[in-house]
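Naming follows writing order (A, B and C), and every chain is counted from residue 1.
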Amino acid sequence: MIEAENVHYSYPSKVEALKGVSLTVKDGEFVAIMGQNGAGKSTFVKHFNGLLKPTVGTMKIDGVATTQSSVAALARNVGFVFQNPDHQLFSETVEEEIGFALKNFGFDSKVVEERVTWALELLSIAQYRKTSPFLLSGGERKRVALASVLAWDPKTLILDEPTIGQDHEQKERLRQFIMQLQSQKKTIVAVTHDVEFVAECNPRVVLMKDGKIVADGVGREILTDPAMLELSSIVLPQVAQVFTKLSSLGLPKDVIDLYEAKALLLKTKARLGR
Amino acid sequence: MALIEIKNLSYTYPGASNPSIHDVSLKIEKGEFVLITGPSGCGKTTLCRCFNGLVPHFYQGEIKGEVTVSGINVLEKHTYDMAKHVGLVFQNPENQLFALSIEKDVAFGLENLGASREEMRKKVDWTLKQTGIYDIRERSPHEISGGQQQRVAIASVLAMEPDIIVLDEPTSFLDPLSAEKIFEVIYRLNKEQGITVILVEHRLDLTAKYTDHLIVMDKGAIRLEGDPRDILSNEETRLIGVGIPKATLLYQMLKKEGFNLGDKTPLSSDELADQLLEAYGQR
Amino acid sequence: MSVFDGLKFRKVSSPIHNLDPRIKFVYVICIFVAAIMFKSIIPLAALFVMQLPFVFVAKVQKQWLRSMRGAAFLAAFIFIINIVTRFFSAGYVFTAFDIEEATAMTLRFIVLVESFSVFFLTTSPDHLGLALEQSKVPFEFAFAFTTAVRFVPVLAEEAQTIMDAQKARGLELEKGNLMKRIRNYIPVLIPLIVSAIRRSLELAEAMESRAWGACKKRTNLYALKLHRGDYILLALIIVILVAASYFFVFVSIPTVASFFGL
């Protein structure tokens, strides 16, 4: 469980990036944190594994304040996958890269071996085990980075802009992977402004602006509120755009799912007898 | 003759075993808005770099075939000779701005070309206004947002008055609203100034509506090419792994259920909404 | 937003900031020469005081004080060394004159630091780059300078991100003995170097695409032109040099001690 209570954070340059953020994420929840660049999303999630500690307020992970613990200890339960895989890849082989954290956490070599194999297979990159991560394509590097965090099987996973630079297939694979993790009762927090991706996954959506949370609720509610989205430099998902324009027909506006859209439109056709 | 003509182009990066582009032939006419899409690693980025000669001059490697742009044989000219004809805008705005003020960045190309100060002033101001960054022209690149930075990058190639602007996933680091604003700037340049645009993008949701010439690449080759409405309703496009805009998908799903909205495949939510309103007799 | 915001260059404007950097540099040299000419307190103190208006007009008092505080340690060191060597070389005696000269030497050092700090505190990097471009320095050099100013904060920020990413994977930078600690930085250094190389390639591509090297005679959007302020400063420089030379040659400068009849 992640509990933020009135969290303020100021950088040493005195810029206040968080201005009193309170949020509770329960175990097994999937939350998307959305908002404009500079809204404080990244600053906020860096509190979840203690990379940043609140200037004012408290941040608790499973009931323990992050100020009481080191990043290394917090990271055991909270895995953080950074946006750009190139910011963490450094090993000679993919295998060593994935084993890096396990060794830091002091697993013995047999367990490291097992976990590495498990993670490689989980993300279907087993064929690259002995390859240098620098020779892989962008999408593959991203998967290595993800595997290197999943390897120690953290309870909570933070994904910073996981869809940036990803093509359609890669996004689809990521979505399925997130669903798989969710079925294993993992807590997932994704920072993103990919509105179509969020509409497809339909998680709980938290909207941030200027260091504060301005909205918190289910995706279909928040992603279909044009005023709210405008505030955060996000555009309506395309399905919602269609329904906004059809409002004169008495159709609901809060539709983000393609199949629901199809059913509604067919029903309307029958209703209007055309 | 077409503005861009590529004939049987194949290219292999130095040290690579397989070609990144394989037997590509392509014609682009003046004033077109071309959209190139395809899965990661399909060769679209490499193709972009052929238009101004970065491939092969900067990257070296092995090249076969012909590339003619504005009547110039690109393979025989330096990249700097092509700058007046082709402007290339890259993905990451951060690595394209190197001056300490925005207008100085915009002038960088003209300075290299040896333009006179009066001419430069005129072109820089015009370009800044075209891209909507005139008011922030004296700021440093650290002081502006990613979306503004990318507009500076566009302005800095536009200042050289190229016939063609090539943009390689220019908005992938931006939030959706800033992305939309960038696309609108590009679209306006295309429509009002007649500049030929070649845009590389994954996200057809945001861009399909602007294009009149869609190219789908896969594994280093052009697989489909032509009218976006035809291509996006083609099953093969989906199989290659291109993300079809939701509005287009919805249209197809309804069609499958026997709800026919007409022959025109919609490319945007506006188009689909209009077609629906018409079908429901609300217009 | 980050820890490194302070490194990022921002435009500041003041009558002093707006002066031509080349003239300002000549001024620094002039103060330098004048300070070297004299070995007594009064003229050096005059040189010190003369620069204060620059600091206040440019509103850089805080930064200036900080740089002066930084120099204080070295100044104290110079003073002590001076006193000690005088004490020994004069045969273990110690006069008011010795203290006076030691103070003057220290003051000379402070004046030099002061003039350089005024120059760097009031000359923004873009101005400096421009001055380099428009003097006889090859353009590549000037370009390297401005690019460095542009990218140092970017790289510093990137280093921070990489450290965060590795810490999130359980890396503890402060753990172990010295050798181990140095080794701890490998997972930070490698991604940083790889990324810097990638960045420079992208930068090179962008430059090539913007006609880098197209013609021998590069032009410049900005012209550094001398304004009224620059002429005033130039006049001031000449006055200082003439006055300094005059005093140096014709006037025997009284010591401070002489005022007290020592």
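The rule is short, and it goes like this: a contact is a pair of C-beta atoms (placed from the backbone, for glycine too) under 8 Å apart; a residue touches a chain by one contact, two chains touch by 3 or more.
Predicted model, so just to flag it, every value in this text is computed and none were measured.
*Asks:* Chain contact topology under the given definition, line, ring, star, complete or other?
*Replies:* complete
*Asks:* State the pair with the higher C-beta contact count; candidates are A-C and B-C.
*Replies:* B-C
*Asks:* Averaging over Cα atoms per chain, report the distance between chain A and chain B in Å.
*Replies:* Centre-to-centre distance between chain A and chain B: 29 Å.
*Asks:* How many Å are there between the centre of chain B and the centre of chain C, using C-alpha atoms for each centre?
*Replies:* Spacing between the chain centres: roughly 45 Å.
*Asks:* Pull out every residue in chain A that's touching 2 or more other chains.
*Replies:* In chain A, 38 touch at least two other chains.
*Asks:* Show me the residue ranges of chain B that touch chain A in the complex, using the header's touch definition.
*Replies:* Contacts found on chain B: 38-41, 91, 145-146, 169, 172-178, 180, 202-203, 205, 241-243, 245-247, 249-250, 253-254, 257, 259, 268-270, 272-273, 276-277, 279-282.
*Asks:* Could you pull out which chain B residues touch chain C in their complex?
*Replies:* That would be residues 49, 52, 54, 57-58, 78-81, 83-84, 86-88, 90, 92, 94-101, 103-104, 107-117, 120-121, 124, 138-143, 153, 156-157, 160 of chain B.
*Asks:* For a test of understanding, state which residues of chain C touch chain B in their complex under the given definition.
*Replies:* These residues of chain C touch chain B: 8-11, 124-126, 129, 143, 146-147, 149-151, 153-154, 199, 202-215, 217-223.
*Asks:* Which chain C residues qualify as touching chain A in the complex?
*Replies:* It comes out as residues 1-3, 5-6, 158, 161-162, 164-172, 186-187, 190-191, 194-195, 198.
*Asks:* Can you list the residues on chain A that touch chain B in the complex?
*Replies:* Residues in contact with chain B: 36-38, 137-139, 164-171, 193-196, 230, 233-235, 237-239, 241-242, 245-246, 248-249, 258, 261-262, 265-266, 268-269, 272, 274.
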